[in-house]
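In the two complexes below, chain A is the common chain; its partner is chain B in one and chain C in the other.
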Partner chain A sequence: MRRLPPLSGEWIDRKQPLAFTFEGQSFSGYAGDTLSSALAANGQKIIGRSFKYHRPRGLLSVANHDSNAIMQVQHLGRVIPNVRADVTPLEDGMRVTAVNTRGGLARDSLQLLDSLSGFLPVGFYYKAFHSKRFFPKWERLFRNLTGLSKLDLNSSRRRTPKRYAFADVLVIGAGPSGLAAALSAADSGAEVMLVDENAWPGGSGLYARGGQDADARQTLQLMERVRKHTRIQLLCSTYAAGYYADHWVALVTPTEMVKVRARALIIAQGAFEQPAVFRNNDLPGIMLASGAQRLLHRYAVAPCDRVLILTANPQGYAAALDALERGIDVAAVIDLRTSPGPASSQLAERLDARGIPVRTGATIGSASAGRDGCLRSVVVNTRVQDEVASVTGESVQVDGVWMSVGFAPAHSLLLQAGARLQFETALGQYVPSSLPAGVFACGKVTGVYGFTSRLTDGTRVGEQAAAYVQRRAPKLRSTASTLGLTEMPSHPYPIASHAKGKNFVDFDEDLQLKDFANAVQEGFDSIELLKRYTTVGMGPSQGKHSNLNAMRILSKLRGEPVERIGATTARPMFHPVPLSHLAGRSFSPERATPLAKAHEALGAVWMLAGQWKRPEYYAVAGLARAQAIEGEVRAVRTGAGLIDVGTLGKIEIHGPDAAEFLDRVYAGRYGTLKVGMTRYGLMLDESGVIIDDGVIGRLADESFYFTTTTGNSASIYRELGRLATQWNMKIGLVNATGHYAAFNLAGPLSRRILTRLTNIDLAQASFPFLGLREGTVAGVPARLMRVGFVGELGYEIHVPADSALHVWDALLAAGSSEAVRPFGVEAQRVLRLEKGHLIVGQDTDGLTDPLQAGCEWAIKMDKPFFIGQRSLKVLEKKPKRQQLVGFQLVAPGATLPKEGHLVLSGGEMAGRVTSVTRSPTLNAVIGLAMVTPAVAASTAFRIRIDGGREVDATITPLPFYDAAGTRQKMVEAP
Partner chain B sequence: MKLLTCPLNGPRPISEFVYGGEVRPMPDPDTCTDAEWSDYVFNRSGVAGVKREWWCHGPSGVWFLAERDTTTDTILRTYLASGVEASR
Partner chain C sequence: MTRRSPLADWHLQATYRSAEAPVWLQDCSWRQRFGCKGPQASTWLESLGLTVPQPANSCAMDTNDVLVARLGATEFLVEAMGLHGQTVVGARERFPVPGVYPVIRQDAAFTLGGPRANDLLLETCSYPFASDANGTLVVMTSMVGVGVTVVPHRVRDTTRFHVWCDPSFGLYLWSTLVEIAEEMGGGAIASDGLKSTLRGES
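== the complex of A and B ==
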């Protein structure tokens, strides 16, 4: 292995030498080298160890298709695991090490496993390590033995952004057919995005030359046209990781994830060259012919000095000519076929003219390594009907074998997109038989192999994709998919058995030919079962080189044609994607009312109510949480308090059917509600379960304003919209949740404070309990509702959101002489519990109906219809399953029960606590509990609290406080 | 990500939409039996095929109907309840 003299079109820049180390040894390369090509240029044949047997491995595809070239890189203070050496550009100062070794690549102590391989057949762990006692030990052992890179958690973090992009036509693969397709689509007026996983476009057009330059020159011309085309955006070093619904494709670039929505998609991903299977076919020095050609023409690196070519198609002969052109000695061309096709024969004549022997009907039976662990010689055997004719054969001394025996189309994205495939016997490969709308394919993936044919195919498909996007008939019609095919590019069975094995089918997982026979013998004889038992195709390369041979082997073992075997499902990702590309930043949005800053200044301690940030209470210097909350409760009961309730859902409804609509969606009656009054509303679902509550106020005959609970505002508004549509009612709904701020000024002194700021007459006679008035507060238009959630005289004040701070400050200032105090959600919970008011979602759950919750007063069964009514008629006839009751602790101790604690009766579970608090007003511990009807009819129960202790509770009628409701109605305000 | 065509807002990513369930006729609550009513309330048809479904475009609050083939997850047509069809 060595660097060759400069070549026109090479990807390296010889004016920019770069230094790096591999396994501690100093090497040099050039800008434009990949890690793989730089290692090859330095003569480093062994680049890694295999996964299971720790066999030495070298370059195989040089295209990021195999898993031999996985490295660990230390660079610029970061440790980057599982670097794909075939496509990762070399940078100055990189420190590169091999993965999966113990004691370094050269002296890996685990290579011992290779000689033990006889004891480690496929699936050995299923049989050996099923003991429950020993399994954890085995698992730890194997986790240490296997795996690739080591994570360094101290390495600096990498942020990988997501980007969104749009294209008329997205072309995946910029080889000859992809370039032609992109140009054709763009020339037809489409905006094109063209992506390729390599550093440069061109694909096989640049590296598979056959000793000539004509195709490469034409490819370079296409590349130049693409570069200049204003409608083509070219993304190199980028691969399409997966296809998702409606032409949504995830592109992975070195630095970011790009999610592209395309109107049409052209798959021009080509085909993966496939390895031949023979004994020791994994020795460093044995590689795919296309991999060798990539080294020769992209990086000007000679992979070996003397090569033997194993082939079964014209591409192999062309590779032999490339080797000669670049000064590599060709020992022989070995053709698996007995009679090569016309294209091969034509190339064979050129080889013959240069004295290169061509042997047909033969194969490599086995390869052997020298002392360095790399390829030294091969044995060439005659082949008779897919079998090696004899054990003894001709030994050939070579340091390189290039395999060119066939291809597997890269059709995984096509399959993800929903394409159907059929096996084309003339080609020996699957080709698309039907494509989903807007998905197109061209080139090798469809079985078109000739260079000119691929350009024609790409041009046709590009025009068709543009026509699809432009919704017109295409100008270029379909032609046969096997355009210009003269001989089959893939051999049907490039596999040689050997008594001693080590003929690898899957390089990722070290699977040998005999492992498949064993698996079938064990009964795993369908492709999906075979895959799971042997793990074929489950390594990092996802079967790019092993799935097709596995299907061929299974077909032979079962005696059925390969098209009857079927293929395993192709799922994203196409290549392993770094987790950093998939990870997102955590994003949990929070909502704040317009008063957030004012709360902050007042010492608010925040809590989350759904997405809303709400003050739980306001901290007071020198006071504990409980004392601060108690102070807020007392302020409301004896003076005045102010709470921000702007998080409530606020909806306006207008129109001739408004009252009837509310009558249908709420359980109460609103047609009879007088203008200027409000009424409590309970919303049920069709099964009669309580889903929401609120206050409904009538602004005018055909206009209402109502509130929903904080958490449900969006979903209730949406569902009401559906019902209005479904019932075809003449109403308009306005979601005013964000438009209005709202606060509740509550307490016996609230009227006195508010009078100073409003033009609304607050006298009892003109603004009674449950009234609704519109006017101004602190000079701002406002809606006032006299509600009694906390059980005191109180006004819910709704003002435009942008005036919220002004009105809030004005209320606090106006009430300073009454010591008005802001109070938080926790004090409100205490206050409402003292009044026995339930909270939907806390005291009720997904099965609670109004009969169980004691809300019969809020449902009007004599209405013609409301949602849940029919189910309540059924429920009314049945005994109640559970019932909400109030309780009080007999001897309140230091430890309070909590929500969710068990209610016990006679030692049996009989319900649960739904709300509980220490009431400063009543100086007692009070709560609500959902209990069985039997317990509800009794007088007492016990509660099991934290630590298993039980406390006694007596059932108490609701409300606990001010049963007559005189305080909230408050005729005579102080 | 899948696209869904709102009859008013055009094709949008599916994440902008909220599924509202299959369109199911409500039996007459005044005449149906308890068994018929509970069947309506609690049971849903899981039969594969073309379903008529409610969908809501969240940002604009537009409710519309979609005919969807659940065997292929393809949306055959979308239209407003008033009959306005989506145009591509």
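== the complex of A and C ==
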């Protein structure tokens, strides 16, 4: 390996030398080098150790897909784990180390595992380490033995915010077809974003030259046109990590994640060159031909001095010509095929003219390493019907093998986008058979391999994408997908078995050919099962070099064609993505009422209720939580309490069809509701299940104001809007949830306090229980509802949000002589449970109907229609599956059960506790439970509490408190 | 009685930046506004002498600096963009009006400006504002997960963005955007620090 003389189009800047270390050894490179190219230029053949057997490994693809080219970098005070050396630019002062070694790369003590590989076949841990006693020890051992980089928690942090971007046409891949597509789309008037994972565009147009420069020159011209084009934005060093619905694509740049919404998408990602499988095919020095060409032409690095080309397509012959052109001795070209195609034959003639031997119908049977652990020689065998014909063969001394036996299209993003693929036998690869609207593909990913053909294909597709965006018919129609194909680019089975194994199929996971045979023999004979058992494709490269060969091997083992094997599912992320990019800044919206600061000043302890922050209770110095809550409960029962209920959904409905609309969406009757009155409302879904509840008040003949539960306001508003449109009703809906603040002033003294602040006549005759009035409170326009959720005389006061603090403060001040006390959600839960009121979503679940919940009184089955009515008619005739009942613990001092604890009857599960509390008013533990009808008809049950103990409960009629309802209706307030 | 901005708690401990900041936010919740919807809403607004935009998701400004934003076929947001809101207050007090339904608007409202305003939007919102700043567009979209209404407006050679959201989300939205703006070298500016109107007169 060595640096070559300057080459036209090379990516390095020889005027900017850079110093770095690898494994403690000092090296130098140039600006424009990647870590991989700089190491290769310095003759560093071994760059890592394999994951499982710790075998020495070198460069394979130089294309960003190799687990062996993952490194750890220290630079500018940061320790960066799992750096992908193939694409990471070299920087001055970098300290680079190999990953997954013990004692360093050269002296890795774990290389012993390679000699023990016979005892460590695929799945050995499934069979060996299943003892419960010893498994934790084995787990620790293997966790210590495996892994890649070491995370440094002291490394400096940096922010990685995400960003949105937009384009008419997003072209992924800036090789020849991508460049042509971008230019074509932009020339047609589209705003184009063109991305490529490499530092420069051009793709194989610049490195796969076949000993000539014509294609490279044309590629450079395209690049120059792209650079100057005002409608093309080029993003290099950027890869598309995943496709999401509606043409959202996650782009990963060196510093951030960019979420692009494109109106059309062109996939021009090309194809991954695939390795051949033969014994010791992982020795440093053996690499993909395209990887060698990248080193040659991008970085002016010779990967070896004497190379043997193993091929099955014209690209391998072209690579041999590139090697000769750059002064590398070519020992021979070995072609797996007995009859190379016309393109290969033409190139073979050029090689023959330069004295390079070409042997067809042959393969490499095995490779051998020298004392340095790198490739020293290979044995070339005759190949007969996919097998190595003889163990003995011709030994060839080389320090390099370049493999060019086929390609796997990079179609992961296409699959994520919903494309359908079909196996094209003539190509030996899958190609798109149908693409979703707005998604296009061109180049090698569609089976188009010739340089000129790719330009033609890209131009066609670019124009079609622009036409799609511009909503016009395309000017360039589709042509055959395999433009100019003269011979198959991929060999159907570039795999040679060997009695001694070590013929690797998956370099990430050290999977050998025999591992697949063993997996199939054990019954894991579908591609998804095989993947999970062997872990093929589950390493850092995600199968880019192994999935196709795995399919071929399974196909042979099952005796079925490859197209019958199927492919594994392609999911985002397509490439490994730094966790820092994914973390970034996350957005979790929180809602707050206008009283947040006031609550804090009063000692609120917060809880989350959906997106809302609500006071759970108000802390009191010297009192525990339970005592503070108990004090709040007593204040409401004996004097007055004030709670912020601004989180309730608040919706107005206006229009001539308003009452009819409410009659349809709620189970109760509202057409008969008098102006100035409210009524409880229960909302059901089509299956009769309770989905929400609230209070509906009538403001005027054609205007209503109603509340929903805190968590459901947005979804209920959306659903009502949908229904209004569907039913074509003359109504207007207003979501006023955040715009109105609301408090509940409750307790026997509430009327006395409120009288001091309002112009509304609060006398029973003027403002009865369930009444609704509009007036002012503390000078602020307000809506008041006399409701009784907590079971006392109470007023729900709704005011514009910008006046909330004024009214809240005024109420507390006005009630100071009555010791009015703010109370939180927890006290409210106790109070409502004493009153026997259910909470939708807590005491009901996704199957609870009003009959089970004991809410028959809230449904009017004689109405012509309401949502859920039809299902209730059916349910009425069936025995109940469950029923909500009240209960009280026999022993008031017993351990408090929790919500969700099991109800037992006769030792059998018979339900669950839905709400439970210790009632300070009743000095008892009370609760609600959803139980079987048989239990509901009985008088008692048991509850299994934490630790498996059981407590006795008696079924108790509801409500627990003030059964006559006299307190909330309180005619004469004290 | 003083009307209180949904962002009032934030202002209690605010550090304000200069209006020359690369990106700034200014609380405009104090402006007088109301909403209305219903079959007669458009006709009624016109009868008040307001300029009513015809297409949905567009807005218009009358000579008194009153913005009328059409949020749907029959739904409007009306706001006095200047310091004087008598026109809007007067209109609001005319309810009830047959066929016109009042919509309470207690929004958290603010203006986003500065040369890097669009950068902040690109980090927080998935709508391509840069291509649509023609001065009449009304965009209803999501910003850091919060539903917002946005009116972009050209002021000389930069674009300002008027943003409205439900007041209960106001503090979260504002705090999040201010935090990002501060990372960009900007932040919140005082309400009287920039005499901003939709017309860009200052």
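The rule is simple: the second predicted complex is superposed on the first by the 585 of 974 C-alpha atoms of A that agree within 3 Å, B and C clash if a C-alpha of one lies under 4 Å from a C-alpha of the other, contacts with A are read in each partner's own complex, and residues count from 1 in each chain.
The working rule: a contact is a pair of C-beta atoms (placed from the backbone, for glycine too) under 8 Å apart; a residue touches a chain by one contact, two chains touch by 3 or more.
Owing to the predicted nature of the structure, the values given are computational and were not obtained by experimental measurement.
Participant: Examine A:871 and indicate which partner it touches, taking first as chain B and second as chain C; both and neither are also allowed.
Facilitator: In the superposition, A:871 touches chain B alone.
Participant: Quick one: classify A:802 as touching chain B (first), chain C (second), both or neither.
Facilitator: In the superposition, A:802 touches chain C alone.
Participant: Between chain B and chain C, whom does A:341 touch in the aligned arrangement: first, second, both, or neither?
Facilitator: So A:341 meets neither chain B nor chain C here.
Participant: Classify the contacts of A:572 with the two partner chains as first (chain B alone), second (chain C alone), both, or neither.
Facilitator: neither
Participant: So in the superposed three-chain picture, is A:610 touching just chain B, just chain C, both, or none of them (first/second/both/neither)?
Facilitator: neither
Participant: Report for A:687: first if it touches chain B alone, second if chain C alone, otherwise both or neither.
Facilitator: first
Participant: In the superposed arrangement, does A:161 touch chain B (first), chain C (second), both or neither?
Facilitator: After superposition on chain A, A:161 lies in contact with chain C alone.
Participant: With both structures superposed, pick whichever of chain B and chain C touches the larger number of chain A residues.
Facilitator: Of the two chains, more chain A residues are contacted by C.
Participant: Return the residues of chain A at which the contacts from chain B and from chain C coincide.
Facilitator: 259, 261
Participant: Residue numbers of chain A touching chain B in their complex, please.
Facilitator: 244-246, 248, 259, 261, 686-687, 717-718, 721-722, 725-726, 728, 735, 865, 869-871, 874
Participant: Please give the residue numbers of chain A that touch chain C in the complex, ascending.
Facilitator: 159, 161-166, 259, 261, 585, 587-594, 596-597, 612, 646, 652, 654-655, 700, 703, 730, 732, 734, 736-740, 778-780, 800-806
Participant: Can you check the complex and tell me which residues of chain B touch chain A?
Facilitator: Listed in rising order, the residues are 1-3, 14, 18, 20, 29, 32, 34, 37-38, 40-42, 54, 56, 58, 61, 63, 73, 81.
Participant: Mind pulling up the chain C residues that touch chain A in the complex?
Facilitator: It comes out as residues 1-6, 9, 12, 29, 35, 37-39, 74, 96, 101-107, 122-126, 128, 130-131, 144-146, 166-169, 171-173, 176, 180, 183.
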